[in-house]
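There are two complexes below, and they share subunit A, which is joined by subunit B in the first and by subunit C in the second.
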Partner chain A sequence: MSSAQIEIQLIGLVVAAACALPGVFLVLRGMAMMSDAISHTVLLGIVLGFMALGNLESPWLIIAAAGMGLITVSLTELLNRTKLVKQDAAIGLVFPALFSLAVILISRFARGVHLDTDAVLLGELAFAPFNRVDLLGLSVPHSLALMAVVLLINIAFIALFYKELKLATFDAGLAMALGFSPALIHYGLMALVSVTAVGAFDAVGSILVVAFMVVPGAGAYLLTDKLERMLLYAVLIGAAGTIGGYWAARWLDANIAGSMATMIGLLFVLCLLLAPQRGLVAIAARRRRQRWQFAQTMLTIHLLHHEGTPEARVENRLDHLHDHLRWEAQFAQQVVQRAREGGLIRLANDHLELTAQGRQIAEQNLRA
Partner chain B sequence: MEEQLAVQISDLTVAYQEKAVLWDVDLDVPQGILMAIVGPNGAGKTTLLKATLGLLPTAAGQVAIFGKPYVEQRRLVGYVPQRGSVDWDFPTSVLDVVMMGNYGKLGWVRRPGPTERKAAEAALEKVGMSDYAQRQISQLSGGQQQRTFLARALVQDAQIYFMDEPFQGVDATTERAIVELLKELRAAGKTVLAVHHDLQTVPEYFDWVTLLNVRRIASGPVAEVFTEDNLRATYGGRVSFLSAARKEAA
Partner chain C sequence: MNWWDLLTSLVTDHTVRTVALGTATLGAVSGVLGAFAVLRRQSLLGDALSHAALPGVALAYMLTGAKTPLVLMLGAGLTGFLAIGLFFIITRNTRIKEDASLGIVLSSFFGVGLLLLTFLQRNPDARQAGLNTFLFGQAAALLTRDVVTMAVFGGLALLVVALLWKEFKLLSFDKDFGSSLGLPTRGLDLLLTSLLVVAIVLGLQAVGVVLMSAMIVAPGAAARQWTDDLARMALLSAFFGALAGVSGALISSLGSGLSTGPVIVLCASAIVLFSLLLAPNRGLAWNAWRNWRNRNRLRTEAVLLDLYRMSAQHSDPTEPHPVSALAAVTGAAALRRSLQTLQTRGLVRPGQNNWWALTTQGLAEAQRMEAALAHKEAQ
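Up next is the complex of A and B:
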């Protein structure tokens, strides 16, 4: 691998980790789409900052962009609080307004600068190694330095305020009663999302930031019941998607950031299908198991019901289950097979009898 | 000098956009009692609790906890919100939720340690949930969720407990466990204010009652205040059912 290849993957890894961490809390707070809004409106902050300062390198641009992220959040909440507009619609109203303003300003006043629309929307990781800065005597890509700082800020914030974030996300009422302002925590998190979005969009573009933020968290949510692990898994999903996406892009000769986002999406689909408890496959298997179990219980109850009665000889014959329980012959056979293997029933001259265990199960279920 | 009141609410008015939910409520709660707050739907029972705890903005009035504003007395107050107010699919364990009761004492940034863990385990033991400490909270029944919340409030080690419908949708075992717990709290000199729905059990579970319907209808010892007249004033027309409940309770 050339050093540029390594650098591009490093940038991708840092972006993925920096995005996945706040993303977990967005997913848990039901605010996933807010990250999409913020990642677009920070552009307005950058444009306004650029117009005021005249250069694109100033760290003040990040502050301006983060401020615009917070303005987006408060405007959305203001609209929502009028009770005339629902939360999702409020996001849909605020973010295109601010974003289109940014697009107009760019096309009118900032033509020809690095702020071209393609780069903003999609980012261009392939060029990231060309834009370098000196850091501690080392020449590193600008994106890498920037996102490393953002990642450190995110790690520090979440480590410091882990318990506050958890409490305010799970039970905002108690957080407030205990004196932890949920509003402060909320805006702290939104500031984090804004700063992350600014840093990340330089590398991967504003459209794909949401994929790096939300998708790993949504996938990790399916894999675990513990918040700490959810954070870890989200980072791992983001990282795996980044590396996999990079090589897929090389192979397909396609846009790197898009390929990374696609790979993260594929990993999410894997989680959705294969997650041990909550995955679709696990759910289907559970349903199937329950269906067989229910059928066996039904059989024991049917046998118990007719036990010792004159018609038992007819009712409890294997070939009559199909008429009496309206079971397909093949299904009936399988249920009987399973129930016999499970020791619930036995076959005595062509008709079925309950074992002690089978009787117990039937009685238990009738009582419940 | 008479003993200081646990909670003193005066002239409390709460409004949502100029529509009053509570009108000028006065309420004196002495120490060491179990008080039920009852009233029809929309009477403002939950609002009264939340406004007292500073969770809602108030239009007028004052709240004193042992003579001082709530913000100065947070450590003395334990809060059990309605069970349905949180997302039980949140990725966390029972023990972890109970640990949250420690957060107020810890303050910002400081992390819970072994002391807090022990307190949480002791509280779980008290509500009979020790076996469920590591259970993921989405796997709990309604009664177990309620006990988890109660354990969390116990960890707060408060003087006054505000409980929003602690008996709502719980099984008989849990209901008995909660009643026992309330009695223990009273025996330890604590004060409990609980929003309650089942009028029949008011005389059995509580010793004081507040009847609320936007304004305070009556408040005092159950024997004096829980009368048919007051109930009629609180609930309006549906008196026949009420008098039946009253007779059964008597």
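Up next is the complex of A and C:
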């Protein structure tokens, strides 16, 4: 591997980790689409900052862009609080307007400058190693230094306010009653998202920031109920998608960021299918098992109901289940088979009888 | 160029006319479907679906090698449907909420689209036709043929909405009641969302992926402020959408560097802002005015009642009182204006030295109000 290759992967890893951490909280708090809004409107912050300062290198641009992220959040909330539009519509109204403004401003006043909307939306990770800065005597890619700082800020914020974030996320009412301000935590988190989006879109573009923020968190949400683990899994999913995506892009000779987002998406689909307990396969298996279990319970209850009565000889026969429980003959056969294997019933002559265990199950279910 | 020239260019200038017709059609179609999306809290679904169209466009181009809008639209529609499918699978089977599901669908599909586009860009002739057009649209390049396509497909979508009007209305307002009546709500849900995909695909060429979501949300959100009736809301939303389309097309024809898509979105946003502020009954300015009027009325009534209660301690209830005594009871705020209002209504009359007295009419009114208050308290 050349050093440029290693650097690109390092940038990808740092971006993935920096995005996944606040992303987990966005997913849990139901504000995932806010990352989409913010990652678009930071462009307006950059344009306005550029128009005020006249250059694209100033660190103030990052502040301006992150500030625009917070303005987006508060405009959305302002609109939401009028009760005239719902929250999703508020997001859908604010960010296209601000983004349109940015696009028009760029084409009117910043033409010819290296601020083209394509690059902002899509990023170009492949060129990231060419833009270098000196850090402690070491020459490192600008994106890497920037995102490392962002990652450190994110880790520090989450570590410092872990308890508060957790409480405000899972029980905002209790957090407020205990004297934590949910609004403060909310805006703190949104500031984090804004700063991360600004740093990341340089590398991967604003649209794929959403992939790095939301998708790993959502995948991790399917894997665990513990917040610590969810954070860890989200970072791991993001990291695996980044590395896998990088090599897929090398192999296919394709857009690196797009390939990384695709890979993260594929990892999510894997989680969606295979997650223990919450995955689609597990859900289908559980539904199947419950269907058979329910049928067997029905059978024991039916048998118990007629047990010891004169009509038991007629009712409690395999071919009568079709009439009485509306079961297809084949299905009835299978249920009886499973119930016999499970020791719930036995076959006596040509009618069915409950075993002690079967009777117990029937009585238990009737009582419940 | 003055306003009149600008407007006449709608009729005389072929390009402007075509573009305006196209964006108006788009605005009307996305307005109607957006009205439903806004009511059904699916405002951001439009955003996700428009991004999800990217891999479809790329794939259609890769497979057919044709840049005809119809082929690309079919591709976009196809991946749009896939995206809806994934969205429904995630929201219906897992605990992941709608917002995160939208984010997943949006970014994953877009990522795949970017990946596919790189294959296209190796083909030099595809470069200029590719990404930028798709991201921001190119309304200025609309041809008569494109407008006809938009009108046909948009018209079909609107026809379906008209035919299934009652069902869609029920779906939007009381889904559970709908399914209790035996309506196939899941199917209807899918159908209405699919129609949204049609609107989005129609708009990609004109306003592009990033801004298409605004064409869905803005007209609907604006129309919602003016009426509580779904039919009126849908019509108004169509009108707002078309208005934004036409005015955006006209304004962007004025200057270079004004891409049509963003200008249309800003026009639509202006309509929303206007509606939020000024719509009767719901608008913010309207509400502020109503609050101000109510506060004034209450204050004036309080002054009348105070005057009545003070004069009730005299044998002659129309005995004048000094304004300073009134101020001591009511608080001085806006007292003079209240008294003047009461005077013009003939309820009080001024005496000498800023003393005020009830008229007989004012006495009757105060007694009526007192009785009404007592009645309310008794309840």
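Following the convention adopted for this analysis, the second predicted complex is superposed on the first by the 368 of 368 C-alpha atoms of A that agree within 3 Å, B and C clash if a C-alpha of one lies under 4 Å from a C-alpha of the other, contacts with A are read in each partner's own complex, and residues count from 1 in each chain.
Just so we're on the same page, a contact is a pair of C-beta atoms (placed from the backbone, for glycine too) under 8 Å apart; a residue touches a chain by one contact, two chains touch by 3 or more.
All values derive from a computational prediction rather than experimental measurement.
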Partner chain in contact with A:G179 - subunit B first, subunit C second, else both or neither: first
Subunit B versus subunit C as contact partner of A:F268, first or second or both or neither: second
Which superposed partner A:R367 touches (first subunit B, second subunit C, both, neither): neither
Touched partner set for A:A254, first subunit B, second subunit C, both or neither: second
Subunit B versus subunit C as contact partner of A:E164, first or second or both or neither: first
Which of subunit B and subunit C A:I104 touches, first, second, both or neither: second
Which superposed partner A:K226 touches (first subunit B, second subunit C, both, neither): first
Dominant contact partner of subunit A by residue count, subunit C or subunit B: C
Partner chain in contact with A:V214 - subunit B first, subunit C second, else both or neither: second
Subunit B versus subunit C as contact partner of A:A89, first or second or both or neither: second
Set of subunit A residues, in rising order, touched by both subunit B and subunit C: 221
Sites on subunit A touched by subunit B in the complex: 28, 160-164, 166-167, 169-171, 173-174, 176-180, 221, 224-227, 229-230
Complex contact set, residues of subunit A against subunit C: 26-27, 30-33, 35-36, 40, 79, 82, 84-86, 88-89, 91-93, 96-97, 99-101, 103-104, 107-108, 111, 117-118, 121-122, 207-208, 210-211, 213-215, 217-218, 221-222, 249, 252-255, 257-262, 264-265, 268, 272, 278, 280, 283
Residues of subunit C defined as touching subunit A within the complex: 38, 41-44, 46-47, 51, 89-90, 93-97, 99-104, 106-115, 117-119, 131-132, 135-136, 210-211, 213-214, 216-218, 220-221, 224-225, 257-259, 261-263, 265-266, 269, 272, 276, 282-284
Sites on subunit B touched by subunit A in the complex: 50, 53-55, 71, 74, 77, 79, 81, 85-87, 90-93, 97, 100, 103-104, 106, 108-109, 111-112, 136, 138, 152
